[in-house]
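Should a chain be cited, it is by its letter among A, B, C and D, assigned in written order, with residues numbered from 1 in that chain.
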């Protein structure tokens, strides 16, 4: 008998995909979405398929090493980036990854290892922030099809603590939270900041 | 027994949050929404939570000094800015506050104390305006986590009369009206003006 | 007894308002929408109110001179611009007027009396056009709160024939068609052209 | 008796039109959508009409030479471009054509015969791509009202293999796939790339 996936987890992932699709953050087969459902278990979207039109069949179970528990299910290579977060931080309950036009464009424009955000009230939407009068960094990593190697690049930054998430160049953002609503709210907050920053660069404020 | 919140007030606030979310004006946990429901009472969104997915539990009752009437409810610090408006102007029935990309970007771009709008037919959507052939100012205040101090900065401008609302730097707009539909319509009108102004600055019209 | 408004006309106007609202073309109380419903009758949105949330009460009956037939109903001043079109062109069955960010910005940017569109396949969506290899003009008039005077300015251009509609500076577009679906499709086509043109100006293609 | 159109094909086309409309890719009467439904048969949208509001009557049957099978139905001239794809590639099951603001603007800005996309993770959404570390070309053809002549221009590029689809200047993109969901996902992926590229050109990255 198969190990079942909690139906609330399936529903939360399907709804998250619809929300991200409505915002344009899961174009084509982009993005992936997961939820922790046990001490060594995550429910996660399978490889391929459109994240705005998920059905229960598109959600699979994996362990925290990224191995499929659901029989005959192929996990996305990027499942390892989700697992990395769940293994390192017991408080993380949900991880979302999407591609947006502002995030993609800024990540390809900025040659350095980070984007810095300062002076935004919305910074307070992120954990541990109590004032807008601060600056938060979004680390920026070069894209790599070798996900284990990419994860190794990300790991030191995770140990330093990342309030905003991280961005992969030409690719998209990874954001997380204790629950799916919080992860989605942070994704929305981060995408708002990225959209503002893109507008500011067009106006020549940041060069 | 708890002092009840009129169900129409709860419904009006929930619907206003959905509308603002559909426009992208309440990212993450941003924004707050209130309605006057008695001589010394307002119904207002609680601190935190996403304003696009409000339930009746997210709406609380406060008095015009900003004190919680609903037991165990924590009002947002910005409740004081709502109360200020209700206390000063008996004709105000609803107050909405949102964050938009154009408002945030323009507020950080413009170093002065106001944005000026001229030549727009849409200026007629604001109280007391009968012609497009006029100029209206949107006062711009520096953001401050000390809301009482921020309110004190806003107060003189309120006494002079503000047709459009006001804007807090890096933060967002406050707009109001005799009813929720009018407050929302003015918010929409103001966001339209801000979006136009941002495009015009990109085209080098305003520098 | 009141002269009734055909329920299909009311429904068509309500649905047109929702469509325009979904596209962001009727901010605040902007826009108006009408349908010819008899030899000397049009059904039209009343003055004020949000066009995205119309109810049957927001629709009134007027004659082609712009006089209210519905008792106690105040027609918008701009009703005269609708009447002008219905009087001059018996084939016109519906007129829509909306405000968009690209139309407003371009109308304020362009000092001359027209915007010219050339090389767009979408030009074929407009009456009498069978090729993209043409140029169509959108006349641009200065805004005027005296609507009779504005109508007098528009009239000569109407007699020459206007494939695209016309644009009022700082204000918005007027578009029409034999039926509401055709009028809305042309509005959408024109707004697409305006959005393209705004992007091209940002890229320095048109100066 | 008429040769019937499979109801699932009609439904797939209607839903594809709604999806494209929600994204703003079928303004006015723009766009067309088809599905292979037999060895020498395609179901395709008729000429004219809005693709966001299709009913079963708007879908017709044609053979792979572009001749109407449905009695009294006028195929769009561009049906020939659909037929060309189905004739050349047996694996193609669905073809979609839409107009977007970024595609239209870029096609008019770029004087050369192609747009090149490099460094985007989303390139992996297209057939045969396993890495972002590549460059894919989108061929760009001059618009032509003589569709047979346009098809002849397109044919050599099709024989070379086109991962992304192709773009007609001032007009829009043609994209395909083995099924409607895959064709729509590729359209969405390509439009995402076009939107990014337009933003990058505004920032002066590509000139």
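By definition in this document, a residue touches a chain if its C-beta (ideal position, glycine included) is under 8 Å from a C-beta of that chain, and two chains touch if they have at least 3 such contacts.
All values reported here derive from a predicted model rather than from experimental measurement.
Novice: Hey, what chains does subunit A share as contacts with subunit B?
Specialist: Expected: no chain.
Novice: Using C-alpha centres only, name the chain that sits farthest from subunit A.
Specialist: Using the mean of the C-alpha atoms as each chain's centre, the farthest one from subunit A is C.
Novice: If more than half of the interface residue numbers appear on both sides, call it same; otherwise different. Which is it for subunit A and subunit D?
Specialist: Different residues, largely: of all residue numbers at this interface, under half are found in both copies.
Novice: Would you mind pulling out the distance in Å between where the CA atoms of subunit B average out and where those of subunit C do?
Specialist: The separation of the two C-alpha centroids amounts to 31 Å.
Novice: Quick one: subunit B and subunit D, Cα centre-to-centre, how many Å?
Specialist: 44
Novice: If I count partner chains per residue in subunit A, which residues reach a count of at least 2?
Specialist: Within subunit A, the residues that touch at least two other chains are 202.
Novice: Quick one: which bits of subunit A touch subunit B in the complex? Just the residue numbers, please.
Specialist: Subunit A reaches subunit B through residues 119-122, 125, 130-133, 181, 185-186, 188-189, 191-192, 195-196, 199-200, 202-203, 205.
Novice: Mind listing the subunit B positions that touch subunit A in their complex?
Specialist: Against subunit A, the touching part of subunit B is residues 24, 27-30, 50, 53, 99, 101-102, 104-105, 108-109, 143, 145, 168-172, 198, 201-202.
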